[in-house]
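Order of writing sets the labels: A, B, C, D and E. Residues in every chain begin at 1.
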Amino acid sequence: MTVLELQEVTKVFSGRKGAQVRALDRVSFCIEEGESVGLIGSSGSGKSTVANAVCRFIDVTSGRILLRGCDITEARGKALRQVYKEVQMVFQSPRSSFDPRRTLGDGVGECLKNGGVGKAERRERVRALLERCGLPAAAADWYPHEVSGGQCQRAAIARALAAQPRLLVCDEATSALDVMAQRQILELLLELKAEGRLQLLFITHNLAVAQQCCDRLIVMDKGRIVEEGRMDDVVCRPQSEYTRRLIEAVLY
Amino acid sequence: GTEEANHSAAGKTFVMGDTTFNPENNEPDINPHNDNSGWACIRYGVGETLFRYSDTMEIEPWLAESYEPVDDVTWRIVLRRNVTFTSGRPVDAQAVKECLEHLVAVHKRAAGDLHIASMEADGQVLTIRTTVPVPALPNYLSDPYGCIIDMQAGITSDGMVTATGPYKAVSLVSGDHVDLVKNDAYWNGEPKLDSITIRTISDGDTLTMALQSGEIDAAYGMPYASYPLFQNDEYTISSAATSRTFFVWMNFDSPLMQEEAVRKAISMAIDKQGFVDALLHGNGYPAAGPFPGTFAFGGDAAKAEPYDLEGARRVLDDAGWKDEDGDSVREKDGRRLALRWLTYPSRQELPLLAESAQATLKQIGVAVDIQCTADHNRVKKDRSAWDVYASAMVTAPSGDPQYFFTYCCLDGSDSNTGRYHSDALEELARKMEGTFDPDERGALAAQMAQTILDDHAYVFCSHLKMSMIARKGVVGLAAHPCDFYEITADLDKT
Amino acid sequence: MKEAVIAYDNVDICYDGRTVVRQATFSLQPGEILGIVGESGSGKSTLLQSAMNLLGPGGAVTQGHIWFQGQDILALSDEGMQRLCGAQMAMVFQDAAASLCPVRTIGSQICEAAAAHLDMGKEEVRRQTLELFARLGFSDGRRVWESYPFELSGGMNQRAALVLVMLLKPALLLADEPTSALDVCAQKQVLDELLYLRDQYGTAIMLVTHDMGVVSRVADYVLVVKDGQIIEYGPAKDVLASPAQAYTKELLAAVPKLRRDRR
Amino acid sequence: MTMYVIKRLLQLIPILLGITFLSFAMMHIAGSDAVVQKYDRAGIAVAAEVVAAERAQLGLDRPFLTQYIVWLGNLLHGNMGVSFMTGRDVFATFMDKLPATLLLTASSVLVTIAVSVPLGIAAAVRRNSPVDYVIRFFSFCGNSMPNFFLALVLLYLFAVQIPLFSVLSSGEGLEHLALPTATLAIAMSAKYLRQVRAAVLEEMGKDYVLGAKSRGIPFSWTLRCSILRASFGTILTLLALSIGSLLGGTAIVESIFMWDGVGKLAVDAIHGRDYPMIQAYVVWMAFIYVVVNLLTDIVYRIADPQIGWKEGRRR
Amino acid sequence: MISEALVSRKAPKQRLVLFSLCAAALLCVAAFGAHLCPYDPYAQQYDAVLQAPSWDHWLGTDRYGRDMLSRILAGAQLSIFSALALVAMIAFIGTGIGLLCGYYSGKADALCMRLADVCLAFPSLIFAMAIAAVLNGGIHNAVVALGAVSWPKYARLVRSRTLALKEQKFILAAQMAGSLPRQILIRHILPNCLGTIVVTAALDIGTMMMELAALSFLGLGAKPPAAEWGSMMSTGRSMLQTYPWVVLSPGAAIFLSVAILNLWGDALRDYIDPKERGR
């Protein structure tokens, strides 16, 4: 069954002085059940915009977004909250995604609280989640401005996982992490994936990382999908010129 | 240097600050036919009336030479011969007739007072016929609205008029100032100043400081608290008692107030002297009856209850009002002796009176709940909402005593706010209507005043003292009991 | 030996009494590139920030000295610091977008920085910036110049922030994960630019990164930090080839590698 | 943007209808009318017929709704009626006094900005230092002093004790503007500078301030170009709000300084139940508010690029 | 450097404690002031009117010969609590409306804001008079009347903050966590506006004391002989030159309360900002 489907999604930002930026240009793809999709592309190619559109942070200019067959292109209010039970996102800039006046623990525990989980249990679960993402349990009492970029990112991942989503959108979720933390998170994601609960839309610049956790790869350039295919096919036999250049530039 | 040059160019100038000359007071200009603007017209020496009040508030001729009632409804008025308007037109009966015709056409209050049916002009002789007998017609014609103006010269859009006074207006900004210059052809002596500016200064404290800084030569309407600043050799204060009276109305619709003992106790428990001395800083006179001592029929002509707390307590004790529950408020038959005292703040003295009375009444075991509201007129109409109403009224605006009783105390009175009724008073009032002789009217007035005092229907607390403060060197500026006359040909500055 | 551009001498750094960096000692000569690696939260950013006195209200250097071209940075007045910052040493923040003012365009912020340190006309600044933008792989530099930070993608902001400091040609560049949000092509261009900067102007660079590929490509020296402690410090080749510490070995082993063969 | 402005200006119509109706209704609820009020103040009693005649003359004997509709109809013909208190044309009187109030308001706002923005910033930048405490001390003083008190003290000091200025203003001239402006500006600055301080402090905690510092941008530049620009919205909103209270608060100052403006006119009209004049004032205030708020909203949107011209995103 | 760091981190808490104590003392005076009076605050004595401050009467006497100090103590309750109640009310209502309007911007928002325009533009005097007519006098109704026209200030202020805040990432994150709008408003947006609100509200206390005094002219405020500070000040205004203590004593009382409450507000603002507070 298809978890997520984008049909001809186009997004045009109109700038201040009337300038228009076509951030997405008729983007269509889908994520099947049990499948994880990697999204790569040069910076500014519209990856975050895809993520934002999927999570309904921006309204798309045209096209449809379907979640398990339901049209969520214009979901609002209650319907949107229903969507967020299934879809979660890890933001590119983790620090600004935490309320500066609340602790990381509050942030992570927010969806549990909304779900009616009691205080003591919530505390326990938050600590467990943080530890699972490689943070000390004490991190629950830290404020966003007090932690390092990587620590904040881990908390953000913990927050997203707290909701037990079916689809996790990771916008460069691991690029601020050191390699060991990165591996730890990837293992966690793979584990969840293996349990069959989680589908990933994984945005990254690190092909190697994408290779580890994704089954399929989509390559974007200038708001368009230039290549799509099974991971290994794309990596070993890139079809487009752009993908080839991308793969060749990998250093390690 | 230049200042002196200015001075000589403008001649002798005089600046007067006045708090009342403004639209808020319905005195937007000096056109006597517009609302209360006649006050400004007459006060500032622009206009003059046919008759005027003497210092003892008796009518004497002014622009008129003499008058006589021909019958109950006919008056013959002979005008002075040598008077001209500043336009140059002589003041004759025709001019006066035109003026009065216009007045009654546009000024509702004047029309209601004068009841003019017709007028005849013949040289200097004006004959006025009224629809009903108006014994006080000369008094009404002395009201500021009766200033005689030249209707041919007309009324300017600024509200300036051409009249007969020692000064004539040259420019006027409503609510700000009016500039006057000397009327060289004045009939009654030569004005001594070349020009006068009347500045509207609505705020008492600004007035104080303007006088202190020497920007004005004289001031009208000084706040009481400022008097100590001017009680020295640098300034002269001229005062006169006016008929503006602070008094209390008892509400005869209120069960509490229907009881004579309560009314009597209240009238004995208001410290009039203390109020005048401490709160008005001496700018008033304790009142006995409705009229001040400057009137022949006023002052001690009527006797009020003296201030006597012990006596008041006895009165209440005797009437069965006792403080049984120890809350220092008396009660009887389960009712507390608590008065609702209605008053309003636009006269600054009224809240003071209320608080003063509250304190003294407390001492005799009467609680007072003060409702001091700008909206008193509406509250007043609901006679179940108050027991005592304190107000400030001019009791004899035209110098005639009938006015007060007619409007405030009789069954048919429009303003008998407390629904007071007395057969004796009705009888006396009927008598007064048919009496034309001023002395007889005065005697009747004294009787009437005594009647209402004996009934404890009103408590007259104080008459206001009207004062003007002038810098040293200003002469000829004297307060007048009727508060109409300020600037005269005698005014001078050295 | 030339005078070091920057030298840390037994530096301890605390936040609220909690020591997060201990006894850091190292130095950097002009034209050298130092790669700093280590797990997240180990104090890398803190190390960089301390060089610019940017630790914020709760942080402080509690021991040791930081010498910049022979001056004790910790003893410098605010004005002295302000003169050094930007012109002599400049920093690219980990969260580049947040370090840019949200209500001003990229262009105006670049002009501002140039006006503070360079004697250059506005047009000239713009020309040079656009040139740099192009070299860093922007297809439409002019739009970036006129954009507000929130209108740009993460990587674009990061490169814009980099251009901002490269324009000033500082003697020391503190780069906190300058390429983390960049795709590999752009990353390559950025690294080339950094090397160019070093070669052309002798800029010394402290580079914090998680990407071992980046370290091996550009760094002359490597510093490995763990829990605020420097556990390994030496020439990049040596450290990468034969790490002395177990932790470093683990770190290297954990680097994900792209499998290019078909399974 | 043009659409936006047009839309907002169109909204003025229902506002005017609502507010004039409301004030009309309220004045009626408040009881007593112009005639009663007049005799009351004068302290003289008159015959009921006289009162009735005067009321009829002013149209006060008609039902309340009729009065309002008549007034509205006249307004559509560009006629705001004549004042109950002075018998003069309301519009002419009002327009006559408006420039004085505008001048006073404008000068006070300018002085307020000139005083409070720098001081507010200084207090924020040097917060919890002696400078900050001194500035705040004066702000508390200004805040706990009623306007009349300040006005009297200023007059006493600078016109009576040290005769720098005259007590009575004789119309134009900067020196006459000085004291009333000072009174209003001191009171307003006292509030405003604290709010500027708060807004600037808020902004100073943001990361980009550190960023600018790291680039060696002098703090004054950051302050001017970034911090102020970012807190501009809040500062401006506050300013717009205080312009309103300023316009309302000029009455007392106008009467103390003999400044012949609309503030005093309005208060007198309210006390005298001079409906046509009150309506003129209400219309004017509504207009001013809508325009000031519109301007703020426009400037706010220009200053904060993240808020677009569409009324924000709905969720 | 170390000590400086420590001072700046600890200070917000210390300041908050200090000013909270001051504020508590003020409220105690307000609550129990009536019992501390050296004289009967209502006893008139015409032989001792307008006496200058002396050992017998520390702050002098007023024109009825009442002891000023006693009156100020006795009036503290009414003055402080009514101003506090009023400010609390308008801050509460205004903030609520501002939050909703800012968050849900749309037709309702436009409507509310125009309503706010109307309220702001509406001469409060007229409104107060109407209230006086309908509800009769008394300080409670004065509070209601003033409240009804003063809330828009907070509404506008909070709305503009909300507009800016709701675009922030952490609000998006909260939405993702399934928080209802009301939860987002209360948990995230409100705390982030609180600084501005607290500062403005603390400032408003002095203003409102004066406004309440102005209404007493209409018969809406405190009833005589109650000693409300604002009214004491305005009724004594013309004595500024001759008997200054009559005006200055209540003025000083107002100043003191305003200063304490403001300092407390600032300290609170600093404290609720975790960046200032430290761990």
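Criterion: a residue touches a chain if its C-beta (ideal position, glycine included) is under 8 Å from a C-beta of that chain, and two chains touch if they have at least 3 such contacts.
Per UniProt, the chains are A, C = ABC transporter ATP-binding protein; D, E = ABC transporter permease.
If you're wondering where the values come from, they're calculated on a predicted model, not measured in any experiment.
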Q.
Please report the smallest number of touch steps linking chain A to chain B.
A. 2
Q: State the pair with the higher C-beta contact count; candidates are A-C and A-E.
A: A-C
Q.
So, comparing C-alpha centroids, which chain is the farthest one from chain C?
A. B
Q.
Using mean CA coordinates as chain centres, what's the gap between chain C and chain D in Å?
A. 52
Q. Centre to centre, by mean C-alpha position, how many angstrom separate chain B and chain D?
A. 38
Q) CA centre of chain B versus CA centre of chain E: separation in Å? A) 43
Q) Among the residues of chain D, which are close enough to touch at least two other chains? A) 30-31, 148, 152, 156, 304-306, 314-315
Q) Which chain E residues touch at least two other chains? A) 129, 132-133, 175, 237, 240-241, 273, 275, 279
Q: Would you pick out the residues of chain A that each touch at least 2 other chains?
A: 16, 80, 93, 96, 145-146
Q) Tell me, which parts of chain E touch chain A in their complex? A) 168-170, 172-180, 183, 187-188, 191-192, 272-275, 279
Q) Okay, in this complex, where on chain E does chain D touch? A) 11, 103-106, 109-110, 113-114, 117-118, 120-127, 129-130, 132-134, 153, 156-157, 160-161, 163-164, 166-167, 175, 181, 195-196, 199-200, 203, 206-207, 209-210, 213, 230, 233-234, 237, 240-241, 247, 251, 254-255, 257-259, 262-263, 266, 269, 273, 275
**Q.** Touching residues on chain C, where the partner in the complex is chain A
**A.** 15, 37-42, 44-46, 56, 58, 94-95, 97-98, 137-139, 143, 146-148, 151-156, 158-159, 177, 180-188, 210-214, 216-217, 250-251, 254-263
(Q) Per the contact definition, I'd like the list of chain D residues that touch chain E in the complex. (A) 11, 14-15, 18-19, 22-23, 26-27, 29-31, 128, 136-137, 140-141, 143-146, 148-149, 152-153, 156, 191, 194-195, 198-199, 201-202, 205, 233-234, 237-238, 240-241, 244, 248, 266-267, 270, 278, 281-282, 285-286, 288-290, 293, 300, 304, 306-307, 311-312, 314-315
**Q.** Residues of chain B defined as touching chain E within the complex
**A.** 204-205, 208, 223-226, 228-229, 271, 274, 277-279, 344-345, 351-352, 354-356, 358-360, 362, 369-376, 378
